[in-house]
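Each of the next two complexes has chain A plus one other chain: chain B in the first, chain C in the second.
On to the complex of A and B.
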């Protein structure tokens, strides 16, 4: 008994020694999926898992990933981070040090992605988060990447969209001064708009505080300022009130928002008042074309529902990882060197054609990519309208 | 000028809510010398009850069992919800305040806060964190009068709230129960000796205050059709300010102060950057209270309180 366990330990040590030198990885590429499978946001984890498995099917059908002249089989290491920061760190550490993953995809939510990104960066392992929009996730971390745009990025995108689409020159902004996301976005929009149309082109810059329900005074100001468009980067429950009140006060011009509008609840609360308005987001299922549509149809057929933005962004993250691995030109078999190679390749990806838009990495972990402009159709659907680049 | 008139209309609507809720604070205070801090949450409960009643009536009407026009549904919703919410008020009084009637005022005040939290979280568990959308019982029609936009909803809200205030005034002035309330506000110790059923009068006071809050809740739901379980907190505080500003225990004062508060908020946002709205608006209120510490109609250093 004793001898048996001693022998077992010896074998384990030998195996670990081998795996640490990276020889065991030479034949298989391991990709870690650090996902929120249980906890507060299980739907996010589910979308991640399903998209990653669909990608794996494709790779398996192709017989693996071809790097240089060699074909490598791929293995996914799927782990649950329970939607908790501590667990995400634990999972990241395990994947990197024990499983020996070449790249880690996830965690998705910023709460998990920010601490896990620190681990990945310390262990010099490339990590791609599909969905985390917090700037801290990738900030000063050369090994951490993301597949989505950052919050502030939507400001200039929308300014460009409104300018080119409607040829408007005067805009009004209404935002919640007590909440970080709308406040930041309002400022970025104002900067971008004034850069395009000169100082004073934001003719009304009005605010309110969280929990306010009456915006009549601010809206009266906005309506009488001569603004041609109203930008309000608010959450869907406030959007419903703002849009309805604006119409009751006689506003007939377009109202534009950001990805915080993108909830199915919006149309429930807002009703017909929101029809015809626009907002920017990562991806739109209705009215999608080409590869995006193919992905949606395939996902829907397989899992029974229309994929949300997490699934689409995860799909792009997996393909980004694959592109980076292929762009290295050849793996050495030494995990440490290979991770470094992948990181370098990843940071130089140009014009990657993802289903959520074209992405280009120029040295940093944040892609410059195009946002999708969604128009709320007459049936209350979020329909793809246009892809807009900064 | 158009902007001014437009904001006048905006402020009339906004002030109506403060006025209706402030009445409930004022009535309870004049009799019990106690601020019912759960009142803002009773407003919230009233709005949710109104939501439930109107959904029920709409379903009944559309099923064909009892076809009703929408204005009738609205009237019935307001009446039913006022009736149901008055029981919520009476339960709050029976459970929260009556056992503590002779306790220090501070204990009764925190009871109100606790009941408020219970109502909020209870509703959160019952309805979930999802916002609910109040059904639009009447079609919005917008009228333009010389560049000023007025909707039929706004007119209705202001009229209904004025009507309710007037009804309350008549009730207190002209009925026996109203007289009992005034008497108790005048002298709480002696009135029971005259054979007035104190507990019944107090329960009635809570019932009426809560019914008015329910009416405010439904009108609010019509104007701002997004309800959430915490909507009563800030509103309750601001209406409380109006009750104090009006002069504790004064109906006329509470109504006027409610409208004044609405006007201040709207017009400050009109003149100054809207970021500074509450800062400036409430500094003005503070200034008024500095010069009139007993509010508009409150009487200094007297046990006598108006009702």
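On to the complex of A and C.
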């Protein structure tokens, strides 16, 4: 009996001790980062993480975000979604229901962003994906936004650019049939090209499967088809192989790509073979000016490499979130109401001056913004060539 | 020495708690958490109720570990410990009463109890509910693979493929019938019918998966050894490429917007059905024949076991449940894409099977639950998570080569039996 009461007293003392240390809860704004830190595309997650942390530094230096007349401290809730749809859904649910984030940034790749967007929309929490270009991510989801342009815009941009720049009429396409982004973009490009030059103007439409490394049979067909330009909307690691093999097989005409080319790794892998080629993207690192240059220099100094488009887009997403929070004019402290307010503010952002260009949201979750055509210079830099606006 | 004996007598106090007593204790604990969890969490210095027994905040805020441990002790440990110990006599009386009823009734009562516990536990927040649903699906999937890799002693790599077939079949069915969408046109039936026809969707998915299994089984069962592993791995890639190239189901982009039909009770009931049927299967004559085929196919054949038929039935049966798990998976996430069902999923489910224990129903449950919870708990470690989990697996393989709990099926009568020893007051 004595032992029992002694135990009881101990428990009580411990509880008291803990409750004394209980902190006075300050109202903080929590922003969730749902990133691909492990899995297939860890570089994407890393860029997201670094850009978000840089943003947090700035906010901390300013003492928090000022909304209305009050300053709120900010906390990032960073979680790894392992590049898996199911984990992205778990992480999104956890952030929204457990951690109570006001806004969620990410996931970046569409296969994570589409299901996670469904969760964000169900819980009425604003979500911004920096990088996902699949139309499904934001379609019929008033709470989901993105910071990049869509493939149905990028395809025609490239078709128009090639037509006006080189006056070509015959194009070839080489794409990965098993990956959602290249496949979608290849289709949009084909549509746009055939609209300009008539049916059959895409003389070769060749595909391969993810992780293939030998493209000689497809490239031989493309070379024999008499195409004047090759369009390949692939990721940087595949681009290096495709371009090098094409040159070995005797292809001397231009090769054009899409925003997936825009990684610092591309030139390292591809070398001189890629010099002189063009691709469309969100921003050009070489020759950047103003805020874009400041961001690139700071990122490079801090992490040792030139940020790729995911980092830049994440930076813009974070600032979009901040702008939307500030535009609400004041938070109530009730998370549900605040999320609604942020969503409304976000959908009304006009002429947001991001480092990847000016963005305007008009009703839907997709911004209207310009694409940049980049030429890979003789020094291997991504140099600004032309800007194409909708 | 003295401390071990005290510990032993301490533990012995609970040795006569019947299952129903534990259920009562657990129900009490989760109800208590629901009622006073939040104030208690605040009192011990936690921001809110820890979602997964504190596992989820453990690595993010290591300073809160003692608080989380204290919380778990106060809300689960103490009430459960006291309630179960105090109620030994009435619980055993109740267990005896239930034991005399027909086994079906008893089982239903116990399952109802279990569901009540899980329901109250999961209602505290949606993250718990989601993790619970995915864990239950992982249990089904692991169990279905254990039938082949454990009971049959072959090595199947095609289970994610069967899961994909089930997921796509069920998704196409439910999307086509109940949702207006741009791939399949307008909804053919009112969405109110959804919950009633959902089992049909799942069963169709299971049947499609079983049909897929037939394609693997016919060529590979003519031989023994590694051939099944190779052919089934090929099958996994075939299924993945097939779906990627099928524009009808939107290829690599995947299907999204499935109706929200996989609620917790639905997933729970299907899991119970899966455990029940697989447990009965492996304890039946055909299950024993399966073990005989594994140990020595020629001897089994000499003993009049129709080895080919046995293997075929087991393989199709296992694929059927993998398909059902896939259908549920697609409806919990409300999104499905072919990329999900690749080598990584295969590695995960194999880890669950071998971690938990081969040839074991309990083992599959333990493996699926522990790997799922570990995955959640270690998430903040990012890349190191993928070092720690395989390392654990290696340690298990070294010290318990057949897994944590191998060779153990569920014996319900032993489970439900009241624990009245000699000299008991009952």
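Everything that follows uses one rule, which is that the second predicted complex is superposed on the first by the 233 of 390 C-alpha atoms of A that agree within 3 Å, B and C clash if a C-alpha of one lies under 4 Å from a C-alpha of the other, contacts with A are read in each partner's own complex, and residues count from 1 in each chain.
Assume contacts are C-beta pairs under 8 Å (C-beta built on N, C-alpha and C of every residue); 3 or more make two chains touch, one makes a residue touch a chain.
Given the structure is predicted, the values throughout are model-derived calculations rather than measurements.
Peer 1: After the superposition on A, what does A:37 contact: first (chain B), second (chain C), both or neither?
Peer 2: second
Peer 1: With the two complexes superposed on chain A, say which partner A:332 touches: chain B (first), chain C (second), both, or neither.
Peer 2: Neither chain B nor chain C is touched by A:332.
Peer 1: In the superposed arrangement, does A:177 touch chain B (first), chain C (second), both or neither?
Peer 2: Touch partners of A:177: chain B and chain C.
Peer 1: Where does A:66 make contact in the superposed view: on chain B (first), on chain C (second), on both, or on neither?
Peer 2: Neither partner.
Peer 1: Check whether chain B or chain C contacts more residues of chain A in the superposed model.
Peer 2: Counting residues of chain A touched by each partner, the higher count goes to C.
Peer 1: Which holds for A:86: it touches chain B only (first), chain C only (second), both, or neither?
Peer 2: Second partner only.
Peer 1: For A:248, using the defined touch cut-off, is the partner it touches chain B, chain C, both, or neither? Pick first, second, both or neither.
Peer 2: Once the two structures are laid over each other on A, A:248 reaches chain B alone.
Peer 1: Between chain B (first) and chain C (second), which does A:353 come into contact with in this model arrangement: first, second, both, or neither?
Peer 2: neither
Peer 1: Taking the superposition on A as described, I'd like to know which of chain B and chain C A:114 touches: first, second, both or neither.
Peer 2: The answer is second: A:114 touches chain C but not chain B.
Peer 1: Touching A:134, do we find chain B (first), chain C (second), both, or neither?
Peer 2: So A:134 only meets chain C here.
Peer 1: Identify the overlap between the chain B-contacting and the chain C-contacting residues of chain A.
Peer 2: In the superposed arrangement, which is not itself an observed complex, chain A uses residues 177, 209 for both chain B and chain C.
Peer 1: Over in the complex, which chain B residues touch chain A? Could you list them?
Peer 2: It comes out as residues 2-3, 6-7, 10, 13-14, 130-131, 133, 136, 140, 142, 144, 149, 151, 153-154, 220, 224-226, 228, 230-231, 233-234, 265-267, 269-270, 273-275, 277-278.
Peer 1: Sort out for me which residues of chain C touch chain A in the complex.
Peer 2: So the residues of chain C touching chain A come out as 42-45, 47-48, 51, 56, 67, 70, 74, 125-127, 130-131, 134, 240-241, 244-245, 251-254, 256-257, 329, 333-340, 344, 376, 379-380, 382-383, 385-386.
Peer 1: Could you list, by residue number, the parts of chain A that touch chain C in their complex?
Peer 2: Interface residues on the chain A side: 11, 14-15, 18-19, 21-22, 25, 37-39, 42, 79-80, 82, 84-87, 89-91, 93-94, 97-98, 110-111, 114-115, 118, 123, 134, 136, 177-180, 183-184, 209.
Peer 1: Per the contact definition, I'd like the list of chain A residues that touch chain B in the complex.
Peer 2: Residues 177, 206-209, 211, 213-214, 216-218, 220-221, 224, 237, 240-241, 244, 247-250, 265, 268-269, 271 of chain A touch chain B in their complex.
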